[in-house]
Amino acid sequence: MDSKPMLDGLFDHRITYPDLDIQARLARLVGLDEQKSRLAKILGLLVNPTGLEAWAKAHHPGAGALLDTVLRRPPLVVLAGDVGSGKTELAETIGDAVARQEKIDVTLLPLSLSTRGQGRVGEMTQLLSAAFDHAVAEAQKLKSSHGKSRGAVILLVDEADALAQSRESAQMHHEDRAGVNAFIRGIDRLANAKLPAAVIMCTNRLSALDPAVRRRAADVLTFARPDDAQRRHILEHRLESLGLSKKHLEGLVAATGRQDGHEVGFTFSDLTQRLIPTIVLDAYPDRAVDGARAILIAQEMTPTPAFRDEG
Amino acid sequence: MDSKPMLDGLFDHRITYPDLDIQARLARLVGLDEQKSRLAKILGLLVNPTGLEAWAKAHHPGAGALLDTVLRRPPLVVLAGDVGSGKTELAETIGDAVARQEKIDVTLLPLSLSTRGQGRVGEMTQLLSAAFDHAVAEAQKLKSSHGKSRGAVILLVDEADALAQSRESAQMHHEDRAGVNAFIRGIDRLANAKLPAAVIMCTNRLSALDPAVRRRAADVLTFARPDDAQRRHILEHRLESLGLSKKHLEGLVAATGRQDGHEVGFTFSDLTQRLIPTIVLDAYPDRAVDGARAILIAQEMTPTPAFRDEG
Amino acid sequence: MDSKPMLDGLFDHRITYPDLDIQARLARLVGLDEQKSRLAKILGLLVNPTGLEAWAKAHHPGAGALLDTVLRRPPLVVLAGDVGSGKTELAETIGDAVARQEKIDVTLLPLSLSTRGQGRVGEMTQLLSAAFDHAVAEAQKLKSSHGKSRGAVILLVDEADALAQSRESAQMHHEDRAGVNAFIRGIDRLANAKLPAAVIMCTNRLSALDPAVRRRAADVLTFARPDDAQRRHILEHRLESLGLSKKHLEGLVAATGRQDGHEVGFTFSDLTQRLIPTIVLDAYPDRAVDGARAILIAQEMTPTPAFRDEG
Amino acid sequence: MDSKPMLDGLFDHRITYPDLDIQARLARLVGLDEQKSRLAKILGLLVNPTGLEAWAKAHHPGAGALLDTVLRRPPLVVLAGDVGSGKTELAETIGDAVARQEKIDVTLLPLSLSTRGQGRVGEMTQLLSAAFDHAVAEAQKLKSSHGKSRGAVILLVDEADALAQSRESAQMHHEDRAGVNAFIRGIDRLANAKLPAAVIMCTNRLSALDPAVRRRAADVLTFARPDDAQRRHILEHRLESLGLSKKHLEGLVAATGRQDGHEVGFTFSDLTQRLIPTIVLDAYPDRAVDGARAILIAQEMTPTPAFRDEG
Amino acid sequence: MDSKPMLDGLFDHRITYPDLDIQARLARLVGLDEQKSRLAKILGLLVNPTGLEAWAKAHHPGAGALLDTVLRRPPLVVLAGDVGSGKTELAETIGDAVARQEKIDVTLLPLSLSTRGQGRVGEMTQLLSAAFDHAVAEAQKLKSSHGKSRGAVILLVDEADALAQSRESAQMHHEDRAGVNAFIRGIDRLANAKLPAAVIMCTNRLSALDPAVRRRAADVLTFARPDDAQRRHILEHRLESLGLSKKHLEGLVAATGRQDGHEVGFTFSDLTQRLIPTIVLDAYPDRAVDGARAILIAQEMTPTPAFRDEG
Amino acid sequence: MDSKPMLDGLFDHRITYPDLDIQARLARLVGLDEQKSRLAKILGLLVNPTGLEAWAKAHHPGAGALLDTVLRRPPLVVLAGDVGSGKTELAETIGDAVARQEKIDVTLLPLSLSTRGQGRVGEMTQLLSAAFDHAVAEAQKLKSSHGKSRGAVILLVDEADALAQSRESAQMHHEDRAGVNAFIRGIDRLANAKLPAAVIMCTNRLSALDPAVRRRAADVLTFARPDDAQRRHILEHRLESLGLSKKHLEGLVAATGRQDGHEVGFTFSDLTQRLIPTIVLDAYPDRAVDGARAILIAQEMTPTPAFRDEG
């Protein structure tokens, strides 16, 4: 099989950081400071391992041996949490923070959905191997013979559940199992070659991840639905230009929370992708947006149900 | 494989709006004003995004940034509800409202059942890709370099359950999963190219839709069985020419409702496709239609059972 | 693949009406007058749609628009009911009534069991398509350019459960699904070409029929096991030549009913295919049939169990 | 594929009747007089249909029309019952009774287990078709142009469950379904050609038989485990030469019955294949058989468990 | 396919009896006298059927006809029981008793695990057929034209569950079913050719055996875990050379029994394969074995769990 | 297929002992003395069977016969226990103890995950056979004609669950079954050739191991999560260079134990792979590690959940 045409579809729109738009998007991700910080550090050290040495010299002169434990972890971070909790947005924007912090270019390669293939035997394995081949090749060009890399590559695996399902489940298909193995081999290749490359997996079914994949994760960062403060921040930011009163804004914050008869509150996406457009379209084309009516719309809208993670 | 013969069967009878018959059919869809309005707006903006700008200028001069959130939503609307609740009828006729409102031609491409293929590996994926290829090609011809399009395309996916089943279900077949992925890619292609094209999915199993598909929906419009007023409107319209008395008409309204010992009332289709023809055939060829007997027929007829949506 | 040899086995013994033997068989189907009448009307209108116009002119001069609703229904009738309740017998004989009523020849094409194929991928689809090809070709020759056809074709699908199983069931095999789709396409082809052809499906598992198939049915006629009067009629007709007394006949009617400790009564087939031959063979070769002993035989015989329709 | 080598294995040891040994085996089948009589009559009429005419003339001169109902039944008889209840023994020996009664040769073709094939797609269908081809060819040679045949063929399908499983079960494999269809076609071929041939099926899972197969059966004869009298007859016959006392014989009859703490009693096979050899081997090589000890052995032996027929 | 290389792996280490080591192993099998005796008799009669005649002449002069029932049973014995209960050990050593008793050579052919094949369609069938071919060929050389054979062959099928699973289970794979059929054919070939050959099956899932296989068994011998006396015998025999006191020996007998908090006691294998080596290795290389410590080791060891036989 | 490229991927980084780094890793494995001792003895005897003879001569002069029972056990040891309990670490380092004890070189061949193949039929079997081929070839070179070997080979099968799943489970795939058989054959080849080679399997699902594999194990060593003393030892060793106070160290020991609200305590891996790196990264790049904050981090971290072993 000629693998060229396949490679064309391996990745969705690749992103290169730093990028001003992305910087703004990352800044808008409120309430995720802990996750931002940890993710940026892990990625930063992959690019510039000498940073840790410098830190140890300054703060723990005798702890050199300890550094290896940190640096030798596989370059895989799992972002886990409910639908619409900001995982993907962070994964797509964190590269900008790393690029600015380390003063290098960082490239995001988002694994395309098509990498899951069309169900032909061996296809997913082949596509995953091709994707890692590509990431390895790019990262190798960026590695410098000593010290800090000239750039870095992030491979993003969104909606990773299907790809790396748990082998605990006896019914797991051979095809899927082969995909998991191809994935593990890819991670190991990046780790062994000590390349400036990392893999970010986003999943809403942490328990469904294959234990062999999960164990390889350097870190598992968890995400929840936005709380009142986070929702207020988002709504304020978006709706201020519509002239909503403080009272109506608070009404929207309440109407999109858990307490309002919903089992779960609105997700980040529910707010930006569904609620705000609906408020706008309701007024369009003849009326201005009305605060009281916006609250009504929010009250009638059902938040995305929580993904059932049976683990 | 030569894809030509395949393309012949990709779509059922395509419809071009405006069309007087369709206008009449849309007008007859009583009780669905909310759904009509929202669907027409969404489709209208896809064709003519400048409309929203005009609205913002008039009502919310400072809210330009907000528009993007609305305009960037994927061109997918899901119509969900019980069998016979009018989803398909609205999907097939709404194009007329859009065409008249935007003063352009709109074309409906109803995805043929045969697009689900014959179970050959990779076939559904291939057929779906071909269908989106076709829709993209048509829409590209209609896009103008700036402002409003010269026309629009609506791709209709009726009975979408089989096509885009939930990946939550572990037993999902690779073939189906590949079909879902092909579908998502198709939606993304339309969105990325900002074409005057939209996809309408009709489903009676909302919970069975793949979350990745559902999340992409700009809106989910829900439908219920007709209430008394809606049934009266339909029956009146159809049966007036038979000379039924007011009393008999009310008897029919009651006999086709939920209260009459049925778990559910009659669907729109039950009224037009089953009840009325049976009343006519009962009288044919020797007698005139008799109101009392028509009520009897309605009482003996069982409404279509509700589709079991286990989600 | 050469499809010729396949066509040979597509249909079982085809029947052409009118036919005196068939007329007699139809006459013997007691207690099914309602089903006979409705089925004959539906089939008659397919052959001679002008009949309805004439009726409307005579009885409802203003109701012309209504006719279309009746005439545009897909040419599919479902006969549903328990094993041995007369569905197949009616389906095989109703053509005679239509032929005599419309004064034309009617041909029955009973889809062979072999059309379900041997499990090769795509085979059922291919065979069903071939069957519809054949029906379409025959019907086209019979269609006249205006008014009444010169003849009609009935495609009979007996034991249709396997063919058109519900897609509600998640485990439905692709092969079967493809068969359902081929079937739906076949129905649509007949409808679109407005041919003098109809499809009769017999099933004892109405709930297992694919909703997309069921919804296309112009009518669903239901059948039950014979009641006392029907059983008496059958037994009288068959056994009178054996000289059974009135008392013994009544004993047989009672012994074959539900009340006699059986969950269900005897089916039509139980009476003609099992009970009567057993009574005869019991006497053969040395004795004459004895009424008391015949009752004993009936009492010891178990009626065919009801088919479990779990829907 | 060359079908010759396949044909070699299609049938197990074929038997030709009359045969003195078989006659003795049939005579030893006590307690099955009803089944013997009905089976012999059905088979006899297939060979010599004129017999029924003669009977009708003698006993029911006016009942000629009734005969057809009897003679037109498909040449299939199902023997149903628990393991070891004598079904197979009767099926293998009844041909002798028919041969003597009709004064012709009868040939038994026992379908080999290998006809179920080795799981290759289409194989079972092919093998079944070949088996019926062979039966048809043999029977055709025996048919005379008028009146009584010069001989007859019986096709025996033992352990028929696997072959003709119920299509009620949704999980039925396509391969099996194809086998059922091939079987039904075979029956229909014999029936249509009015050949002097019949099929006997033995099954211990009557409820698992495909309804389409079961409905075609001219008769279903049921078998139970031997009762006290039957067991006494068998044990007496076999053990008398060992000099067991009347008391010991009765002890054995009791020990092998249901009442002795067993859920079910001994099957015919349990008695002849397991109990008697164990009694003999226990004494061999040094002691004579001892009645008290024989009873002990019977008490310690567990009868074959009843086959679970979940229907 | 060239079947030569396959044949190489068909059998594990073949054994020829008489053999002094085997004689010792058989002698050490305490508590299985009943099973030894019955198995030796059955095998002995297969080799030397004239023995039974001699016995009948001596003890039951009139019972000649009865012998046939015994001699015609299929040459299959099933050894059923829990893991480690001595089934395999008896199967591997009984040949020595037969060889000495009949004064001939006996060869054991243990069917290799590899005969189950690697999952290729048709492979298991092919391998089983090859194994029976080989057994038949060997046995034919040993058969004498009259009277006693010059030798005998025993085909041993250990861990037979996978090979001959019950067909009651609807999910049984075609491949397995074909294997069962090949096995039944093999048994029938040996029986029909009246060869001096027998098949011994060992299974710990009696209920999982295909009924058609089980019914063919001439005898089913059941095995349990060793009781106190049996365990004492084994431990005494093995450990006496280590100088354990009587008290410590009894402590070991108790610690390995059911009463000691275990659901089941130790199996034969647990004693010889696990307990004794662990006691030895615990002392090795520096200390002598100590009785009190040996008991501790036994108390801490978990006996092999009982195999779950769900039948 | 050319098997060369396959062989390249059969094993991960092979290790040769003695090795100073490994010696240090083995020494750091606290609390596993029992497992270390037993494993080293078993492996030592495989290399140098004369050791046991010498022991018997010194301590149990009369027990020579007993030695064979110990020496003839298959060269397979199963290490079973929860994720992160030190199984793999012991398996990877024990070779150093054997090498030093027996004064020879020992080579570890860790079976690569890729040996599970990509799901092609027969592939796992082929890969496993190739792996054993390789191990046999290496070991044969090391075997000396008498007495002690010149070296030894250890084949390590980590995460063995998938490879050797229980055949009790009826749904086991043929492909997997074939893999189990290939594995058993491999073990038997090593045993029969009496090579200086052993197989170590690590599994966290002991109950899922195929009974035929488990029964062949010479020993099953079980592992638990580290207790307080073990955790203290690890944390002390790693964190002393960071200058943590005794109090903070104890706080970490408590926070990582079971008692702290966790169902299970931290695994070895949780401590070294997750806790310590997180403590370091939290301080990096600006602060020194702070003891109180380290305890907080430990308290917020969830230990790896226990693997559900349903057996």
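Structure notes:
By letter and in written order, the chains are A, B, C, D, E and F; residue numbering begins at 1 in each of them.
By definition in this document, contacts are C-beta pairs under 8 Å (C-beta built on N, C-alpha and C of every residue); 3 or more make two chains touch, one makes a residue touch a chain.
Note that this is a predicted model, so its numbers are computed, not measured.
Looking at chain B and chain D, the chains that touch each of them are C.
Minimum number of contact steps separating chain B from chain E: 3. At the far end from chain B, in terms of centres built from Cα atoms, lies E. Residue numbering shows that chain A and chain F use the same positions for less than half of their mutual interface. Annotation, chain C versus chain D: rotation angle of 60 degrees from the Cα superposition, expressed as a multiple of 5.
Put simply, the C-alpha centre of chain D and that of chain E have 34 angstrom between them.
One simple way to say how far apart two chains are is to compare their mean CA positions; for chain A and chain D this gives 69 Å.
Per-chain Cα centroids separate chain A from chain C by 60 Å.
Shown for chain C are the residues that touch two or more other chains, namely 171, 173, 175.
With chains as nodes and touching pairs as edges, the resulting graph is a single ring in which every chain has exactly two contacts.
Looking at the complex, you find that chain A touches chain F at residues 38, 41-42, 45, 51-52, 54-55, 59-60, 62-67, 69-70, 73, 121-122, 125, 167-168, 170-171, 173-175, 177-178, 181-182, 184-185, 211-212, 215, 218-219. Interface residues of chain D facing chain E in the complex, by the touch rule stated above, are 83-84, 113-114, 116-120, 159, 161-162, 165, 169, 171, 173, 175, 238-239, 241-243, 269, 272-274, 276-278, 280-281, 283-285, 287-289, 304, 307-308.
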